[in-house]
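What follows is a single structure, and I will ask about it in a moment.
The first chain written gets the first letter, and so on, giving A, B, C, D, E and F; residue counts start at 1 in each chain.
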Amino acid sequence: MAFSGITTFAHLPTIPCLASKDSFDIAIVGYPFDTAVSYRPGARFGPHGIRDGSRRLRPSNGWSMHWKFNPYDGRTTIVDCGDVPITPYDNKLALEEMEIAYDTLLSRPTESKPHLSLPRGLDDKAHPFVVTLGGDHTIVYPILRSLYKKHGPITVLHFDSHIDTWTPYKIPSSTSQISEITHGTFFWKAATEGLIANNSVHAGIRSKFGGPFDLEHDEKVGFDLISADDLDTMGMEGVLGRIRERIGQSPLYLSLDIDVLDPAFAPGTGTPEPGGWTTREIKRLLQGLHGLNFIGADVVEVAPAYDHADITSIAAADIIHEFLSLFIH
Amino acid sequence: MAFSGITTFAHLPTIPCLASKDSFDIAIVGYPFDTAVSYRPGARFGPHGIRDGSRRLRPSNGWSMHWKFNPYDGRTTIVDCGDVPITPYDNKLALEEMEIAYDTLLSRPTESKPHLSLPRGLDDKAHPFVVTLGGDHTIVYPILRSLYKKHGPITVLHFDSHIDTWTPYKIPSSTSQISEITHGTFFWKAATEGLIANNSVHAGIRSKFGGPFDLEHDEKVGFDLISADDLDTMGMEGVLGRIRERIGQSPLYLSLDIDVLDPAFAPGTGTPEPGGWTTREIKRLLQGLHGLNFIGADVVEVAPAYDHADITSIAAADIIHEFLSLFIH
Amino acid sequence: MAFSGITTFAHLPTIPCLASKDSFDIAIVGYPFDTAVSYRPGARFGPHGIRDGSRRLRPSNGWSMHWKFNPYDGRTTIVDCGDVPITPYDNKLALEEMEIAYDTLLSRPTESKPHLSLPRGLDDKAHPFVVTLGGDHTIVYPILRSLYKKHGPITVLHFDSHIDTWTPYKIPSSTSQISEITHGTFFWKAATEGLIANNSVHAGIRSKFGGPFDLEHDEKVGFDLISADDLDTMGMEGVLGRIRERIGQSPLYLSLDIDVLDPAFAPGTGTPEPGGWTTREIKRLLQGLHGLNFIGADVVEVAPAYDHADITSIAAADIIHEFLSLFIH
Amino acid sequence: MAFSGITTFAHLPTIPCLASKDSFDIAIVGYPFDTAVSYRPGARFGPHGIRDGSRRLRPSNGWSMHWKFNPYDGRTTIVDCGDVPITPYDNKLALEEMEIAYDTLLSRPTESKPHLSLPRGLDDKAHPFVVTLGGDHTIVYPILRSLYKKHGPITVLHFDSHIDTWTPYKIPSSTSQISEITHGTFFWKAATEGLIANNSVHAGIRSKFGGPFDLEHDEKVGFDLISADDLDTMGMEGVLGRIRERIGQSPLYLSLDIDVLDPAFAPGTGTPEPGGWTTREIKRLLQGLHGLNFIGADVVEVAPAYDHADITSIAAADIIHEFLSLFIH
Amino acid sequence: MAFSGITTFAHLPTIPCLASKDSFDIAIVGYPFDTAVSYRPGARFGPHGIRDGSRRLRPSNGWSMHWKFNPYDGRTTIVDCGDVPITPYDNKLALEEMEIAYDTLLSRPTESKPHLSLPRGLDDKAHPFVVTLGGDHTIVYPILRSLYKKHGPITVLHFDSHIDTWTPYKIPSSTSQISEITHGTFFWKAATEGLIANNSVHAGIRSKFGGPFDLEHDEKVGFDLISADDLDTMGMEGVLGRIRERIGQSPLYLSLDIDVLDPAFAPGTGTPEPGGWTTREIKRLLQGLHGLNFIGADVVEVAPAYDHADITSIAAADIIHEFLSLFIH
Amino acid sequence: MAFSGITTFAHLPTIPCLASKDSFDIAIVGYPFDTAVSYRPGARFGPHGIRDGSRRLRPSNGWSMHWKFNPYDGRTTIVDCGDVPITPYDNKLALEEMEIAYDTLLSRPTESKPHLSLPRGLDDKAHPFVVTLGGDHTIVYPILRSLYKKHGPITVLHFDSHIDTWTPYKIPSSTSQISEITHGTFFWKAATEGLIANNSVHAGIRSKFGGPFDLEHDEKVGFDLISADDLDTMGMEGVLGRIRERIGQSPLYLSLDIDVLDPAFAPGTGTPEPGGWTTREIKRLLQGLHGLNFIGADVVEVAPAYDHADITSIAAADIIHEFLSLFIH
């Protein structure tokens, strides 16, 4: 039953993916890290929250009208790897722990099922598809470092109300090297290391900025920016076309900051921005991304302390259901 | 004043409708039952919550711009019958209690006012129009049994994120006969007894399923399915046209599960499904149903323990205001 | 940092505007008054809540994609004047205190910056632009009295789910003169004193009414009424056109009751009405008002006791950011 | 059932006590007034909240181990009179409305049951015993005015964290006559009119003061002050002895501000003071008051917007159960 | 880390105890059942909530100053068995499922460690010690049925604000056989079957009753009643002495309804009763029970929907820590 | 008024103490730091929350019955210094920022008022008394480093449920040097640097431990441990005597972790421990410390995201009122 049992994502089996060498196709893994946030912390409880929000998903309840299949039907081996142990006291160490963990997950044997086209690296070897439960958005920096080793520069499709390519000039009282890497700058950091391909896309942006230089820099770093309002002016198909055209078949990492949703739909987050998209719009946008060449995905910035009645967590879990459907499709 | 006095729906008079034989045209009655739910219970407090949410409606404040009349203006005798006593310990007994209560309400004398066209049974006798405050959705099974005795098979217009026609195969650890009747299977049960007409309609559906067989069975049971996304593709008029065409002038029971709303608009419910309709959309859809041949209605699955600032309860009360307007119109 | 320091609006400097005679261009001032409300009180904490909601706005984070400038960049002198001391025990006295305070603010010297066209009274003298943080909506009556002394009859653009032009017949148990002035009647009161110009506009209306006479009276008082549903039928451009055409270049006071938003977006308010506009829609509507002749503005009816995770307060602060952008633009 | 039906206090019958002239022995009546508070408003919803909190009390569940009888057993006619209509806009008018309503209730015929010794006025006529559900504490001023007409100066036993005898010097920005009467000054006002006997008692006091003059004035007004800490130094019996000795058999009005409880036990109030008594202590203190000459009682300052899981409301209802037991005993 | 990983009780290993035949000494198992409650449901989420509340307990953090050992140190094999699948639709079936599950757990092989004196049945065979996470209190009826098969009549030490020996006369609208078994009557039911020894004890009782007959019946059923107030009059040692003397070395089942705590300490429950014990008092009472002959234990009635900041869940987990310490000691 | 104005602690004046060189006697300063916590973060909002909780304290309302004076009466110059800018991204840098800020505050000129005996360093120079609003408990490490420079080894009186002298062995996945300094180890770190005098005292301890070695180490580090239960066995006077005797007239730093309160009284914190002291007990203990030689104080670990109705914040502010009274006394 949905309310019963030890809680894993969608009641999937859990295995200690970092310790054991079992094979799997898709790994769901928590990155309970939140010590690089600029406002409300609490996303360390994000993986826990999203698992709670996923309880009504389960092998007997996973077939959707849009996708017309059930990702938990057993054809695809999906496991919940639990959470990566990450220090909450030292961001430098934490970034290393997160990168090593992702390396490890990517190195696990896959099951090479005929129906499933797993991500292939530059060496043409298949590796598992990892869906990461954040954690604050900074976790994407070590993830990109890890994926880069397999794929070279990564195209990113980034749903967020913030660009997260800010240069560290924006951070007061934070002059040290490690304090330059935050949930608002990690894409800048990744770009300085050449990890991001220049056909990346932001979608849903609506935060305030330091000035026009933020956007100029953003473009230089490789992103096309689709604002929240663009959905009203371009329509669903317009937005999807712009995304698909830019990205083509590049190896694509999908990162979704839950604050891309309006705070009414996702109050449980750290830096909410009014004027966002609805869950219905996000789901339709995701459904329109079928056929892209996904190599990994995440949902980040779920902070359950600010949630109510699990609505943010449930939305996050539902979005991951779309991810799984998108990928397996 | 809105915040003052013993709380009845919209400050309407309350009478003990089951005990006394007073006449009325429209009865508002609570069915505080929630022991057939698959996830978060608490809808037994739904009638209490909806009454709380209705406090700003009252005889001096009921005229709406859309309908251009006030259902509480005294022309129509609307009473709040309070709640039906229903056991929370034995669903078999509870179903009997609910059916008998509805029979009793339907048998009460009406006031035969010229402006009002009350529901007429197969025997052409008028009976009151009952608006039931749930309670979990299972309450509709005994209601349909009761209405069937007056009208024969009932066409149902069902707003919900779930189809509720699931066959009991979906229920784990529940092999007994009574455990087959739940808030997810009651329409299946009703259909097995021939209570539902085959021109029924679901609207707002977006839950996950066991598989395509759920939808095949659903159609067989008599429902046309309008998904949440259909509103985006067909538009408001398209959806309304499809509903009106299918239903025509069949005797129509209107059942609205509050989870048809997106969780942002109705967090106070047991099985929220992201990606739903807004209150503004639901109200416009309801307003477009004028002229249909309504014989009864309900709002179910309001669970105040999960609500915040009464927003779910207030939305539910407002929806009932539309029901009253629709019916009296 | 956003989470750090004594809280003022957008981390702006605070000065005791009533006591000191410093010059400024734009004043943000709290009117913590809530003793003229018909349902849930608590808006006396509105100024406090909105300041809390504004914490992520700041000089280093105020440039928006739509407006392409940062109102906190120092070119315009914006100050947070703190709150006006207002008695919570005697509405007659409170109204006087509020009017005197506004008179005082309007009399403060301005900085006459070339880029900024400050409001000019009938005597062609510039005075500061005041953004008031309510407080319940009644605060607009003394504000209009004060502005009238500078400008004569004021055109009002009023975003709300309620018309607030009700005559006192609606108020039970309240036969005294002072009890006639409430958050639902203050526009009636202002109209009886000739303070409102007859090309005023309501936008977002969707409450219930006593009867059609409420609307007839509303029109007589000088308002054109744009209902919440009108946005669906007329579209964004239609609504904006209707507003702009009616208002032209009249001296315009902008009053926004946070309950114009749907309760999902703004639960923290006293008299929520389902079926409202989204924050995204409101922001787009406000952006479409550029070039009107604004002379003052407010956001009222934020009641933090009913808010969750600051979503109402954050939306209110964001709306004020649009106001500042609209005015400085 | 406890969760079922129209909510009245303890599921007692409700009658329109102000309009009808039915007889009763004990009246429970709501005074939904909260426009004379110095901090968090919301006690206008106190009567509603306390009724909600009383739902598990009922005729079949009212016998307590301490009192060994059930006040709802039918021997005593207890009715829920609903709420008095009180304007929230004009405190002067509101005070009149509250006094007239109390006069009316006191004038209702009683049932003169042999087991019950109803309060007798100076004219030796019996009148009903009224338990008032506040509302903010100011409601006690019109109540004392009303009771004074029957009994002359009233001895008050006042449970509170605040003395509420402050002179109006404490109220900033409030120079009018009506603004002198607040939930912190009403006992001062009552004393100036000679309504309070000089053997009154405060219990549970722990707030801060303006200075020693507050306590000097308090004593002059007629109160002995038992502080929250006195319970630790004098013990339960010491406190009770001091109360009983001072009060003797004077006609006694019992007023309990829910903030006498520590905020952990009663978060749902406007001016919480840490360091208070527990519900267990308050109940034991009340039980020790048997045999005093009670002529009326209230529980005030319950503000449900700040409550959680109804714990404040349930405590308030339980305290009223002790009141009823104390009086009927 | 405390906030990381798949959540089991105190981060203990989880095994499918019903399906696999692994040995263990102590089983922690959830009974997510809540369909026999008289007021607020939600205890089906109790096991989930208590596991959440236990997250700061773990092998590296389990040594307490009072007990001077760490139950999770590995000497004792404690496992988290997850939850028993229990139907939420049919109480008759649910009771069977719960009894069979307990039978199964009791039949699992133990590890016979020298330091541990496991419960021995009448046949002198050792069986595991089971700590059950409720679920509503009704779950104790099938547990007693199961234990009775091993031990004969069971002495019960029952911490609760309610006696739970009520005869079914108290249940309105519930005339069927199964509806006689509720969270308020299960001890009556157990007694009718001879499952309870006549030296049982209630502790913490303070609810209201139907009349003195409830207490007379309670005594007949085998319980000595220690009221909440008895702690004040008898003191900690007095209460402990009375318990120890009555119970001696009888095989003892320990059942703790979280509502024995005052609602301030445990808001997250269905039928809170003001005037209860503090967590500090309960812990000291439990610590004073060392050396009794425990054969099983539970914590029931945790309803997380009504909890705040996990305080109820954390208290419940801490109480279970005392249980484990008491038993292993 | 209490609800009005820009929020500073107790409505005291605020000055930029780090930037300006104004003199003062007592500084209240926020340390919004929370990136060294082991469980629920959020104490960065502690200073903001405590200021909110202090709003009912003010110059006109600060005289207490126990102390018989008002710390805000102007005789003592108390200022609110706002918050120290502290990076949330790099704990090494943050520790430096915090130490430098404290150094700066200690170096500010004092007002040398005759009634006040300010702390004097080893050089016999007076420096201001600083009350720090945490922030997580780690902030005490840089504070002790700063105070050590003035006073040499500091005696600490530490109210907490945790000892916070743990050696870093307890921290998983945290092998770097900076990750050794956390809110559970900072006293260990301080001790390794000789900052703590060996007559320090813990009070209120009740957490779990790794083993007896934790306590052995704790004693070695210089602490006497008074457990939460010791209050029950030794009584208020016993505890106070033990504290006073050990500490004598040593220069004393007073650190109060709000989790010393039971979670019922202080839910708004990160690592709540059931079984704690009440606010009334803590206040009485603090009052019993008069005459000790205080050189600084803090309240830490207030995490408003987990608070309800400000009860934790209000308790924290009230405790600071006791601190100010204790020190000025």
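Operating definition for what follows: contacts are C-beta pairs under 8 Å (C-beta built on N, C-alpha and C of every residue); 3 or more make two chains touch, one makes a residue touch a chain.
It should be emphasised that the depicted structure is a prediction, and the values quoted were computed from it without experimental measurement.
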Touching subunit A and also subunit D, the following chains: B, C, E, F
Where subunit D and subunit E are represented by their mean Cα positions, the distance between them in whole Å: 39
Interface hub residues of subunit D, defined as touching at least two other chains: 1, 3, 38, 40, 44-45, 85-86, 88, 172-173, 262, 264, 278, 306, 308
Chain-level touch network, classified as line, ring, star, complete or other: other
Touching pairs - complete list by chain label: A-B, A-C, A-E, A-F, B-C, B-D, B-E, C-D, C-F, D-E, D-F, E-F
Subunit C to subunit F touching residues, read off their complex: 1, 3-8, 14, 30, 32, 44-45, 48, 51-52, 80, 82-86, 88
Sites on subunit D touched by subunit F in the complex: 38-40, 170, 172-173, 205-212, 214-215, 227-229, 232, 262-264, 267-268, 271-278, 306-308
Residues of subunit C defined as touching subunit A within the complex: 1-3, 55-57, 60-66, 68, 70, 236, 262, 264-265, 278-280, 283-284, 308-311, 314-315, 318-319, 321
List of subunit B residues in touch with subunit E within their complex: 34-38, 40-42, 44-45, 85-93, 97, 171-176, 178-182, 305-306
